[in-house]
Every structure is written in structure tokens, then in C-alpha cells.
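You will see chain A twice below: alongside chain B first, and alongside chain C after that.
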Partner chain A sequence: MTEPGMDLLMWARGTGFQIAIGVFLFGVALRLVEIFALGRKADVAPAKGDAVSGGFRTIFSRFVPAPGFAALLPVQVIGGTLFHFGLLFIVFFFIPHIAVIKDTFGLSWPGISSAVINALTVVTFAILVVLLVVRLRHPVRRYLSDFQDYLIWVLTVLPLVTGYMAFNAVGPYIPMLATHVLSAELLIALIPFTRLTHAFTWVSSRYYNGAFAGRKGTSS
Partner chain B sequence: MTAVSIERGIEALRQQVDASVASYMSSCIHCGLCAQACLFYTETGDPKYTPQRKLEPLYRVWKNDFTLLGRLASMVGMGCKVTDEFLHEWEELMYDSCTLCGRCTMACPVGIDITAMVRKTREGMVASGHVPEGLIGAATRAVEGGGPMGDLLPALKAVIRRSEAATGIPVELDKEGAEYMVILSAQETVGFPEIVEAYSKIFKQAGVTWTISTETFEGTNVGIQIGSRDIARQLVQNVVDAAEKLKVKAVIAPECGHAYTALRWEGPNLIGRTYEFGVVHITELVDQLIKEGRIKFKGKNKNRITYHDPCQTNRRGGMLEQPRAILAEISENLVEMEDAGIWNWCCGGGGGVGANERAEELRTTVFLRKKRQLDGVKPDELVTSCANCRNIIEEALDHYEMDLPVLGLTEMVAEYMETDETEEPAADKAAEGEDQ
Partner chain C sequence: MNSAAVWRSRTGAWTRKVDDMANKPILKEVLRDRGVSRRGFMRYCATLTSLMALPAAMAPRVAQALEGAPRPSVIWLSFQECTGCTESITRSSAPTLEDLIFNAVSLDYHHTLQAASGHAAEAAREAAMKAQDGKYLLIVDGSIPLGNPGFSTIAGISNEDMLRDAAKGAAAVIAVGTCAAYGGLPMADPNPTGAVPVSHIVTDKPVVNIPGCPPIAAVMTGVLAHFLTFQKLPDLDEAGRPVVFYGDTIHDRCYRRPFYNQGLFAEGFDDEGARKGWCLFKVGCKGPVTRNACATIKWNGGVSFPIQSGHGCIGCSQPDFWDAGSLYTAVASPTADITPVAGIAAAAGIGAGVAVAALNLQAKKKAAAESTPVTVQELGGKQ
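Our next item is the complex of A and B:
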């Protein structure tokens, strides 16, 4: 008799993972086609500056919050930035994650110690909780938020929590690991079909914004 | 205005969707930072004024018609509804509480050009008939009479006569082959006519030949403000026809933010080709003439002066340095307001809000942001290079009982220029003649 949850874990690591990656790739391709197949009419107004350099400048310049905004909304701006970096490190530098990536794509790189990732997970989760509270309490964020905003919060937090619990042996290990893998797969699969799309469209949005400003000889 | 309907409105919104719009719409995560950039939110605290929220009509059309999930939802009757009631509700957000100032576009962490999309969304509002009365009136007058205040040719001729009398410098109308064709904003012709004297003096000293077309001299483009490509195209075409008929080297865009945007950036795209002439803003030209040594000054203003950056020429037009370079020549004591420059706060009346009587109370409320900027530096005089900003600011200063003269940059240049002693104003000559 196999350990409880082992079948589920094996499915999640095999077929489940393939489905998630397949849906993700299909979704990303679909969204990119939906966006870029629309094209853009050529701008015939004589340019004052360079659109391309303006576009690339804005791709990078928006990593820094607009002047004064960090002071106005410190939790949102600083927390929002930090949790993205937290997720990035947890997803791409946790050694078991790198092993999965190597198995799937053949690429690997040095990881960060599990203890650091463990601590980073707690910090990132804490920031996400604070950001949820801000979303519920700040008049603008509450006003703007709909079901999907809370859904993507749950989708983002679930793999963090279950991963932490599995790693720290909170609850039965195998079922917890299976839950972690499945929740991560759910997140991956839904990225292109929710507002999590911004994970890849931010590049083109910033580019367009900066390019339009660049043409006019201004910066954005 | 052509016949309007919700179907035409939706179709007009569909026409606006391109790769940039789809990219922006895919990127918003409802962070709400844009609200902090918008004076309509910061001065009222009402979250409904969040810039991103204003894009909802365009968002719904994009989602319904340009995404697979949206199409599927629409097929089973679960698509986002775009109805007359919905657009009616959005009218205030579109026209009363957005000046197209562009601060939100600068602040968005994922780079969404919210301003450009409000401009696009207005196309749907016009086509569906959800536009404030004040703007419809201005647009109708522009189409029928050439400008938002109707036919101002008699008024312009009177202004020119007064200018010629005061300066002794003739203004040649409809002069073929002049280097530059001047267009004015209606606000200048009616409210700040001294601008013609300033042009006369500056261009005489700089040796610039210029003319005004009696066929088209209006720079204000209500089509851009209201969000109608058809009207905007017609008004741009009027200027293009006049300039190409007179074979001028360039048209000088006036001290009016949206006039510059209309002619310089949107115009060629509206008529589908580049012009046979250039477009230069008066501030750019004056800066260039100073740098070429063609304008000399007799002294400097010693008062504590601050400069209000018009959104369309600065943030959305790239003229950040030129007005300051000019002021460095004529002012000894320029003090910058907090957030001056590319992050400057709007006067509250751009983008058609100033022509929308219904928005007057809100516009006055949001001026509190500018008031705080001014209170921070306590200037003796404020100078700007947009007649609409100037008018809006003057009205608001009056409302808040603030005693602060508001100057036009070009007029200030003319005031501090070296004068040609050999010239005598025609009025003086006439007076001498009567004495004899």
C-alpha cells in the first residue's frame, strides 16, 4: 500500500504539471496573439525624439516608484515591490524548484539556501497579508477591487503557504506537498487568463508608454 | 454633430482598440496608484475619480470583443454590458473630472497610458451622445464658425488694428510666402489680445516674416477635447489648407496646450499624411530665436516669479526646458513650485473641462492643489504659456481671493525686449498729426 497522497503527488508531478504548463503556454500564446495581432497604425507626425530608446527607458524606469509616491503610500509601494522580489527568489532560487526547472527545460542555476528561502516565504506571505488588508481598507483599492482581485490573491498565496507547510513538516508531508504542487500548477495555468497576465504584459505596456513619450521628445 | 446611438458608440470604442490598448488593458492589477496622481481624487478624496476607473467603457468593449474569454462570456450572455445608462453614468468621469493632464500615465507602475485611453474613450462617448452640453455647444460653434466661440474674424481684425496702433508694426494678413503662419486660441483673441502686439514686436526684432490667414486663424481644437476624430480632422484640415495655400515654412502653435497637441501630434494622423510645413510652438520658436541671438533684452523682471507648466506642452509635449531657458533671460527671481516640471499639477481646466460649465464647481475645488503649490512659494507673479491655463487660473485666483497677477510668457518676452527707438507707435504718430 502506498503512502496516503502519493498517487495524487505523482499525478501532480506528472500529468498535472504537463497540463498546467500546456495551458500556460497556450494561454500566453493566445494572449500575445490577441494583443499584438491588433497591430498599430504608423504614427505619421514627425518625431521629436526617439521612440525605441524612450520605450526601453520606461521599461526600466518604472521599477522605481514615481517621485513622492512611496511616501504617500509606503505600505503599498514598498510592500508591492518587495513581495514581487520575494516571489521571484522563492520560485526561481529554491533548490527543489531549480531541480524541477532542470528536469523540464534542461536549464539550471545556483540556488539559495533553504533556510533563507524559508524566511523569505514568511516575509513575502506577511507582506501579501498586509496588502490584502490595504485592499480591503483603502478607499481606492476597495473601490477598484472585484472578485478576480481577491481570487488572484488566493492563487498567489496558496502555493506559498502550502510550500512552507510542506517544507516545515506542518501536517502530513506527502498530501501537503501534493497540495503545494497542485496549487502552484493552478497559479501557473491561470496566469494568462486573469490579471496575473501583467506578469508578462508589463513589458509591452511600459514600452508603448515610453515610446509614445519618446517620440514627443519627453520622457515617461 | 452626426446622429448618435449606443451602437455607434460601441463601434467607435472598437475602432480605438489596438495593440497598445490591449496591452494596457491586460496589465492593470487595480493597484490604484493612479488615483494619487490625479487632482480630482487628491482634492476630493472620492475614489470614483480614480483614473483607471474612467476607462471602464473601453475596457468592457475590449474584453467583450477582443479576448477569447470575453467573447465566450458574451456568447452565453455573461459579457460586460455597455448601455446608454452605463455611458450616461460615466459622462461625468470622462468630461468633468479628467483634463487629460497625463500625471496618471507617469505614475502607473505597469506603464498604462491612461490619458491616451481617456482620449480614446471619449470617441465612444461622442458617438453615443454622452457629452456635456457646454462641449457640444463649443463643438457646434467650431464646426460652423471656425472656433469654439464662433466666428472671431471681426474681433481678430479689431485686435490687429489695436496692435498696429500701439506698436506701429503692420500685421500682414494672408501674405503668401511668409515664413510663419500664426494661429491663435480663441481664448487669446478674446481674453488676451495683447499677444498679437507681442508677436509683432518679437518677430520684427528677430527679422521673422509672418502672417495670419483670415480663412483660418483658430488654434483651439474642440474635436480633440470632446473626443471626436471627425471634428478634430476638419479643424486640423482648415489650418493645413490655409498654411499650404500661403506656402509658409511653418505654423506657429499658440500658447494653448491642446492646440499644440492637436496640430503637432494628432493632426498628421487625423488627415493621414505629414504636412508640407512644420509646426513649432511659440515657446520653442522664441527659445530658438534667443539662442540665435535674434532677440535682445533690456533688463530683467525682478519680482518673485513662478512658472506653471501647461500639461500638454510640458508633460505631453516635451517642452520642459525651453520656457525656463526663456525665463532665465528675463527674470532674476524664478522660484519653482513643488512638483514643478514634468510632475506639475494641472490648472484643473484642460481637456475641455474649462468649456464644461457643469464642471465649474469641481474645477474650482481641485484648484486647491494649485493653490497649495502657490502658497508654498508665495510668488509675486505667475507666468505660464497656455491661454486656457491662464484663464482658468485667473478665475480660480479670483474665487479664492488671491491677489496674484498671471502673465503670458510670450507677452513677458516682448515686455523685456530691447525696443527699437527709431519706431514710433502709429497711435503716437496720429496724435502728433492731430496736434499740428
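Our next item is the complex of A and C:
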């Protein structure tokens, strides 16, 4: 006879966490080696600009949407930007999350108020729902979406919802915390094997495009 | 005079006949003899009513039931335990009304508290079991070793045999303390004695679990009072605990909860946060995953409880709490070392990446070798 959800929580904190981190690191190493080993064709044309500065510039310039893009797709641009920042704050600045990171990697930094994180969770979730509705309502976007697009939406939303429920004591705490940890582990494990790979390739891919354009003397 | 001394002086020698127990005075007479005022008794009934989460209007009924309650026979068996549970229930400090309620039951066997020893003690237990067959309450503290009967015996009887024998004629079984309720420390990995909780052995009767290391005295007496008042056991949750005392987590009722909500945490036991009384989550408080009444009933007559004293809850009333990771690690933090896994996974990933890259290179070379130039004629063009 045990506390409901306790075995699951203990598994998630032990073996589950080891599996998630193991699969994640395996996937990240595989992806990075595979991508970088593809190499680049030698560009025999004389350089018209600097590749390195172009690369670094693009890493940052892509934070700003291309001209006209925001006006054309305001919901996606504004919503997309906001939910990414929401996730960033929720994942890395919620104090119990920092405690997990500190206990795992020894790194720690100041967090922000749990009440702010709580509100951010609601906003981020609402934006993700709006973005899903926009995707589903537009025939072309729906046509372009495949199973993986919906899968990564679910993978992203599950830890948000279960974390909110655990924090606000919606439902029994222990099973909810166990579900939250497990859903986060599922997300971590699948990052390298889905489009969520961009979580660790966005810098290098932006640099690649920027450097490519920079060498040609154009902006990217 | 502590309760053990009261017990010995009240009962005298243990050699009296068990049949006489039925003639013991009821609680009303015990209280009168002890000089407890009517007002004091009613205050205690109101507290009990509140503890049991009953409407305040029920207090007179509780008082009426307790006043006229017959004194049920109680047999207390101690197995693989440290006697901390007994210490908790008997050392309840002044006022000793809870203690009185405890004295209001007929404690017919308790090998720490009884004056008799050896065969006389065992004879008293057997006589009580016979005379009160089907009516007595069986209280157990400590776990039961199944690895080898010789690991723990009383008068040459193995714990398992004694429990099975005593449970047969019991009206109900109460497992007091985490060892009896969930195996506790003896059952912690690697469980050298093959310890099991009471509910593993007694499966045909209601078993009330009152976990805690030790449980709060008022919780133990509260369950007894409930039995005396309503002649039945309180409602239990999935883990066999009385919902009234174990319905909430420590975190739910903690006075430091607002600090958790605000994100104000102590980082150590002597930093500014600790001095300001902020939430102890980050220093390993198990309050969020622990069900008990410490934050409301508190200890030592309501004086304090661990969190109020500056230390996080260690989760002592939870199943498997000894094996639930460090007492000083946050409840959601990993319990396993990921370093070896991380190293192996990264190395395997790099290896797999190199293999995939080699395959990609091979495919590229093959495509280059097999490609043939397309002429304009083949495309249907005219020169």
C-alpha cells in the first residue's frame, strides 16, 4: 500500500530522469555530428563580404521579423515570440526548476516570483491554444501541418498544464507532480528527434545562413 | 506522574483477572476521579470534534458518547520498532486530557508499559483475547520480519504468528507508526529482515494506518476517540489513513506556504531567507508530498512542528520515505546520478553520428559516381 502517485514520482525522479537525459544527450550528439559532418561545398567565388560577421549578425537579427512579416502574420509573429519568451522564463526562472538544475548540474541563478510564473503560464498556454486554432482554421496551414506539428504542440503544452495544476493544487499534488515531471522528461527526450531540435540548433543554423549571405556581401 | 506511572499505579499488578475489566469504570467516572472539571471535559470534546472535522454542533454528542462509552479492550503489540510511537503517545505533556482518553480504554497488553513480564504478561494477553474475542482493538507498532522468524520474537513467538493469532479475534487493527503502516525503517532498502507492514499480513479486517515517525499523540487518541464515540473506525483514504487527519499535505496547511507562492525560499539553514522564515522547499522540505496533521495540530501540545522550528518536513509519515532520496534535496529534484548515463549517452550519440555521417558520405559519393550528364537533346531541346 503506497501513496498514490509516489512510486511514479520516484521513478520519474530516478530512472525516468536518467532515461530522458540519456536519450536527449544521445540525440543531441547524433544530430550535431550528423549536421556538422555534412560539411559545405568549397565556395570558389571570390568573397564579397565577411562570412563571420555576417553569421554573428544574423544570430541576433533574426530576433526581429523580416520587414512586412509582422503586418502580414501578426498573430503568428507576436504570439510566436511571446510564447517562446514565456517558455524561457517558466522553464529557467521558476525557482523549483532552478533547484532541479542546481541539484543536477550545480548551476544556479536568481529566479522570479512564483506568482509571476503562474500568470506567465496561463498567458503562454493561451497563446499556444490561439496558435493551434489559427493553424487549424486556415486551410493552407492545415494542409502544410503534419502529425509532428501536433505532436510537438502536445509535448510543449503538457508540462505547462500539469505544472500549473500541480502548483495550484488542482487535483492531487503527488500524482500531478509525477505527471508533470514525466511530461517534461518526454519533452526533453524527444527534442532531438522532432522539429524541437531547433531548441539547440537555432544558433548554428542562423550563423550558417548569415555566414553564407555575408560572404556574398548580402544580408540575411 | 507520567502516564506509564499512572498506568502502573491504577492497575496495580497485572495479575488481576481479565474478566474484571468489564467492571472498570466508564470514562465519566475516570474523569471525575481524576478531578477533571465538566468545563475541561467539554473543551476537550469540542477540540476532538474539530479535529475530526465534524460540525461544532456535534460536540455535545461526542461528549455524551464519550461519557457513556464502555472501555474497549486494547491489545498493543510491538514488533520491529524503536518504541518512539509509545513514547509519543505516553509522553504527551500537560494538559494530559489526551492521556486520560487513552487511559479510558482498557489497555490489556503493552509490553513496554505493563508491570507484568514473562509468562504472566503473555497470559494476560491470551486471557484478554479470549474474554474479549471479536471485540478488542489490536494496536500494532513496528514492522513484521518475514525473512526469518527468529529476527524478532516475543516470549519465543514470532512476530508474524503473534500478529496472525491476535488479529483473528480483533474488531479492528490499528497500525501505529510508519513501520507498522508501511514498513518504515526496517523495510528500507535493502530490507535485511524481509520486513512487511501490518496490512501485508492482516488482509481480512479493516487496518487503520496512523503513520508518522512517530505519529502525533492527538492523532492516535483522536482515532481512538472516534471509535469510542461512533463505535466504528473513521473514514480511510487509499493508503488506509484516517482522511480527517491525513487529508491534506503539510504544504497545503503550512504557514510558510505564502512564501512558496511568492517565490521566497531559504537557500540554507542560516541564511537571510532562513532567518526571515521563508519556505524551506529548496533545502529539501517534503511538505508538498507528505500527508499529516503536523502543520495544524502541531507537537508538544500545539507548541511547534519541524517547519516552525526551521527544519523542512522529512516526510516521515509517507510510505518508503527512507528510500525517497536525500532529506535535503528538493522534492522534484532527481534522485539518481546522471553522470555515467550522460557520458555513455553522449559517447554513443557521437558514435552513431559518425556512422550516419559515413553513410551520408557514401551515399553522396555513390550518387556522384552514378550521375551522368544530361544533354540538351535528352531534355528535348533543339540546338
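One rule holds for everything that comes next: the second predicted complex is superposed on the first by the 216 of 220 C-alpha atoms of A that agree within 3 Å, B and C clash if a C-alpha of one lies under 4 Å from a C-alpha of the other, contacts with A are read in each partner's own complex, and residues count from 1 in each chain.
One rule holds in what follows: contacts are C-beta pairs under 8 Å (C-beta built on N, C-alpha and C of every residue); 3 or more make two chains touch, one makes a residue touch a chain.
Keep in mind the model is a prediction, meaning the values are calculated, not measured.
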| item | value |
| --- | --- |
| Contacts of A:Leu30 with chain B and chain C, given as first, second, both or neither | both |
| Chain B versus chain C as contact partner of A:Leu186, first or second or both or neither | neither |
| First (chain B), second (chain C), both or neither touched by A:Val157 | neither |
| Which superposed partner A:Arg206 touches (first chain B, second chain C, both, neither) | first |
| Touched partner set for A:Leu38, first chain B, second chain C, both or neither | both |
| Residue contacts on chain A - larger count, chain B or chain C | B |
| First, second, both or neither for A:Met165, with chain B first and chain C second | neither |
| Partner chain in contact with A:Val75 - chain B first, chain C second, else both or neither | neither |
| Chain B/chain C common contact set on chain A | 30-31, 34, 37-38 |
| Contact footprint of chain C on chain A as seen in their complex | 1-4, 6, 9-10, 13-15, 17-18, 21-34, 37-38, 95-96, 99-100, 103-104, 111-117, 169, 173-174, 177, 181 |
| Residues on chain C engaged by chain A in the complex (per definition of touch) | 182, 197, 199, 209, 238-240, 249, 251-252, 260-263, 265, 281-282, 288-289, 291, 318-320, 323-325, 329-336, 338, 341-342, 344-350, 352-354, 356-357, 360-361 |
| Of chain A, residues touching chain B in the complex | 30-31, 34-41, 43-46, 48-49, 58-59, 62, 65-69, 72-73, 76-77, 80, 138-146, 149, 152, 193, 195, 197-198, 201-202, 204-210, 212, 216-220 |
| In the complex, chain B residues that touch chain A | 17-24, 26-33, 35-37, 41, 45, 47-48, 50, 52-53, 66-69, 105-113, 116, 264-269, 272-274, 278, 314-318, 320, 339, 342-343 |
